[in-house]
Amino acid sequence: MTAAGLLRAVIFFGALTLLPFVFGEQWVLNSLIFTLMYVGLASAWNLLGGYAGYPSLGHAAFFGVGAYAIAIVFENSVGSGYPPFFLLPLIGLATALLSVPIGWVAMRTRADVFAIVTITLLFIAQTLAFNLRAVTGGAQGISVAVPPFPVETYNWPFYYAVLALLALAMGISFYFRRSKIGLSLSAVRADEDKAHGVGVRVTGVKLIAFGASVGLTAMLGGVWAYYVGFIYPQFAVDPLVTIGMVLMAFLGGRATLWGPVIGAFILVPAQQYFAYEFGASHVYLVAYAAIFLIIMLLLPRGILPTISDRLRMRRRRRQGAQAKSHGAIGGAK
Amino acid sequence: MPWSLHALVQAVILGVLTGGVYALMASGQTLIFGIMKVVNLAQAAFVVLAAYLTYSLFTLAGIDPFLSILITTPILFAVGVAIQWTLLRVLRPEDAAELSLLVTFAAALGLEGLLELVYNTTFRSIQPGYENFSWTVLGYQVNMVRFFAFLLSLTMLGLLYLILHRTKFGRAVRATVQNPMSAQLLGVNPQRVAALGFGLGAATAAAAGAIFGLISPFNPGSHYDLISRLLTIVVLGGLGSIGGSIIAALVMGVGSAVVAALASPIWSDFAFFVVLLLVLLLRPRGLFGARVRGAI
Amino acid sequence: MRLLKLCTTMAAALVVAGAASAASPPVKIGISLSLTGDFADPGKAAQRGYQLWAAEINKAGGLLGRQVEIKVVDDASSPDQVVTNYQNLITQDKVDIVFGPFSSLLTIPSARVAKRYGYAFIEPAGGGPKVFQQHLDNLFFVQPAPVVKGGDVFADYILALPADQRPKTAAYAKLDDPFAAPIADYVKGRFEAAGIKTVYDQTYPSESADLTPIVSGIAAANPDVVVSGTQSSDAFAQVKAMIQLKFNPKWLFMSNGANSPTEFPDKVGAKNTEGVFSSSDWYPDSPVAGNKEFIAAYIAMYGGSAADIDSTSAEAYSAGMILEEVAKKTGSIDNATIIKTLHNGAWHTLVGDLSWDADGAPNGEYLLVQWIGGKMLLVYPASVAQHPPIAPKPAWGG
């Protein structure tokens, strides 16, 4: 890890950790909880859609799995308020493991067929959430018991939970980049058949990406359900949540560490601000679509890679100009 | 549940008539996939757009929905060409695989947002006064609008067939579908074929939209439910085979009507999603289709 | 000497003036409404009701001498946004009072936020069973009864009929929605207990565009009475499907949709409304005290006619009325006082006199209306009916 990278991480997480003590207004924390949740979701999606190159349009299904898991277990009581947080890692792990067969079968397809498969999974998950009324409460929704946190610091536990999950997501993302797994994944992303032919453990690596991605998504879904306190099928398994994740990862730059973070930090506060101040959310869909299209047409690789590309080109041009001037001086001898 | 032969036959009649309409909607999407290998997630939004245009033409100018198809078809054609020309054509080939799906979805969202701005989210329906009339045939009710819609779908599908098999443009399209490289070598302009083909696919949504608006109440968000059905039909029938998608549409129409009438409405679409999933995973080409890019 | 007196008088006058304006800062009321998204139409109707109430009360001198300022924010019909909105309203804008958003879906998450900060939650639109199962003592639903009892008065009417005139078989067609389905289920409970056989009982998904297969299933079962738990567009779709399939039950009750004075005849055709039952809490000809003044003020502010007024506006206005009455009775609009006071006694509103149990569920009854001669009339109970109910249902107009 470079010194610059380490510094960035320390500043970022340090600032976020200390924030409640310095500027801990409840409404600020509320906004940050949703923002950081999306940062985490975008980073989690990035593991599969970015690094592995399998663009899932159905991640919201796993978000819903985590949400309902928490709601079903803690519908009537949450004890001291902390048990749901302790259950989260178990939910993440269970989702990751149970999703392996799904991922194994789904990832036998590629690109747009894979996307359609994931969309179908989303519809199936949503239909089950609606129809299995005895378990999920169906369209009536299901509640999560209210935790006995004191009013002044009510949002704190949720804030730190989301922050921790974000750190985990970015940690995994970082690990992917630096390890053999990351190398294998970029080979898969570039040309899967060739990678397979060269001997890369394609299936294993894809499944690790899939499991990690959906496990994180499920955990974030669990925190969300606990925070909002009452969930419904159409919001727990919501195609727009997936679109949000995908858009943020695209905007900031897929297959990068900080790309999804940037993307989420731009889009989520902007959308909240517009909705609250101007009530202009009938423009929300058009704006979302417009941003999506602009990114894909002008910044197809996202903000971060485009910036680093430009910087690199400028550096190269400058070096080339210097070399030319040196050469000229030298050549004029 | 009231299992009787009468109920079953009535449901089948309903399903066939509805299936015909879905066949028309799906044919456009199948065509687009065949030419450009793009799954057009905006097809349902085109249908909803056409429904709104038909609605406005009817409420503002009193034009009968079936007649307004003559006006809405060229409009939808233009919309299709415009979207292909501005959004899809400019994608770099290496990105096109994943991005075209997202681009068409973004186009669908954009259309939904625009319709919401103009019409807001109130449910609308087109009511020329005759929409509830049914003939009683041998004790079964056959709704007049749906029957004419079915005939209209057959006509449009027939027209599509004629265009594809009897015109120069149609031959160029089919050549591009079968073998893009050879087609190009023979002088077919792939850009033009792609743009006009997308336009043609969008144009089929015009008639489908008029019918959709007559049959059920709609609002800008109606495209989500519709696209899930269209995807199922198009994939089941074979991404690229229009004949296959017609059969799949009829099967889906009848199947879902029978389940909804005689068993449980909340599960009527579920079986199709599961079947779709199985088909995608076991036979990614669909039941009748040509080879699909992106599947093994 | 005189100068000093003048100065002190002036100073005193300034102090008094300053104290007077400092003592009457405006009352800020925060409300999150669905101005866009799925619930936009009723959301805007609610906004009109609130703003009308605020205008009226400010004209009359304000609430306890203080002018009322309403801040409405849009939640785009999204639960995440509604939680954010109430957190912002309460902790950032520091409003004095909040009223509830539109729909049960959004009511529960936002009521919890209000409860956390000790705010009273007077809300005109969240009345599904789960709302009251949350046991929120700060919540007060501004309608005559929990929504689940919307069909109760229809059941009262049917079960009061002599046994030989009652229906023998019943069908229940329900929208999968927190508001709609429970109403039909509740009626089913009462009907089955009285011996009316259930021949059809199905729920349909909320995005169902085409209800003809479902209605053909109902028709095949040939029930005497059809009880539909509906919202608006599916109610219209059900009626149209029945016309197309030439199915006409002897009694047809639709919990929603058929209670809209302008939309129902508009969407299904004026000749097709005859004989359809529904339930309502407010309608323009309601004889409740204050209704005529409300209608006049509404038309003065927004134009149109009485028939254009959505009952959601009346419910929102009623929320304001309740606050006004608490202020008058206790001289205070502090949240703790509001919560304590409203749990006792009955409070007059445009939707009747309301009183609540510990969970916020109102203790009254809805009104049974039926379309007769092209108009929506109150038909039961007989003591307040404008016209006796007609049965069996006349044939469809086509």
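So that you can tell them apart, the chains are marked A, B and C in the order they are listed, and the count of residues begins at 1 in each.
By definition in this document, a contact is a pair of C-beta atoms (placed from the backbone, for glycine too) under 8 Å apart; a residue touches a chain by one contact, two chains touch by 3 or more.
Nothing here was measured: the structure is a model prediction, and the numbers come from that model.
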Touch-based graph of the chains, sorted into line, ring, star, complete or other: complete
From subunit B, the most remote chain by mean C-alpha position: C
Whole-Å separation of chain centres (CA-atom averages), subunit A against subunit C: 39
CA centroid of subunit A to CA centroid of subunit B, Å: 33
In subunit C, residues with contacts to at least two other chains: 36-37, 40, 176, 205
Numbers and ranges of subunit B residues touching at least 2 other chains: 116, 120, 224, 266, 269
Junction residues of subunit A, two or more chains touched: 127, 130, 282, 284
Complex contact set, residues of subunit C against subunit A: 35-37, 40, 72-76, 78-81, 83-85, 87-88, 91-92, 105, 108-109, 112, 116-117, 128-130, 133-134, 176-178, 181-182, 205-206
Subunit A-facing residues of subunit B, complex: 39, 87, 90-92, 95, 97-103, 105-110, 112-114, 116-117, 120, 224, 228, 231, 235, 266-267, 269-270, 273-274, 276-277, 280-281, 284, 292-296
Residues of subunit A defined as touching subunit B within the complex: 53, 55, 57, 105-106, 108-117, 119-121, 123-124, 127, 130-131, 239, 243, 246, 250, 282-290, 292-293, 296-297, 300
Residue ranges of subunit B in contact with subunit C within the complex: 1-2, 4, 6-7, 10-11, 14-15, 18, 116, 120-123, 125, 127, 129, 131-134, 136, 141, 143, 212, 215-218, 221-222, 224-226, 256-258, 260-262, 264-266, 268-269
Subunit A residues touching subunit C - in the complex, by the definition given at the top: 25-27, 30-31, 34, 127, 130, 137-141, 143, 146, 151, 154, 227-232, 235, 272, 275-276, 279-282, 284
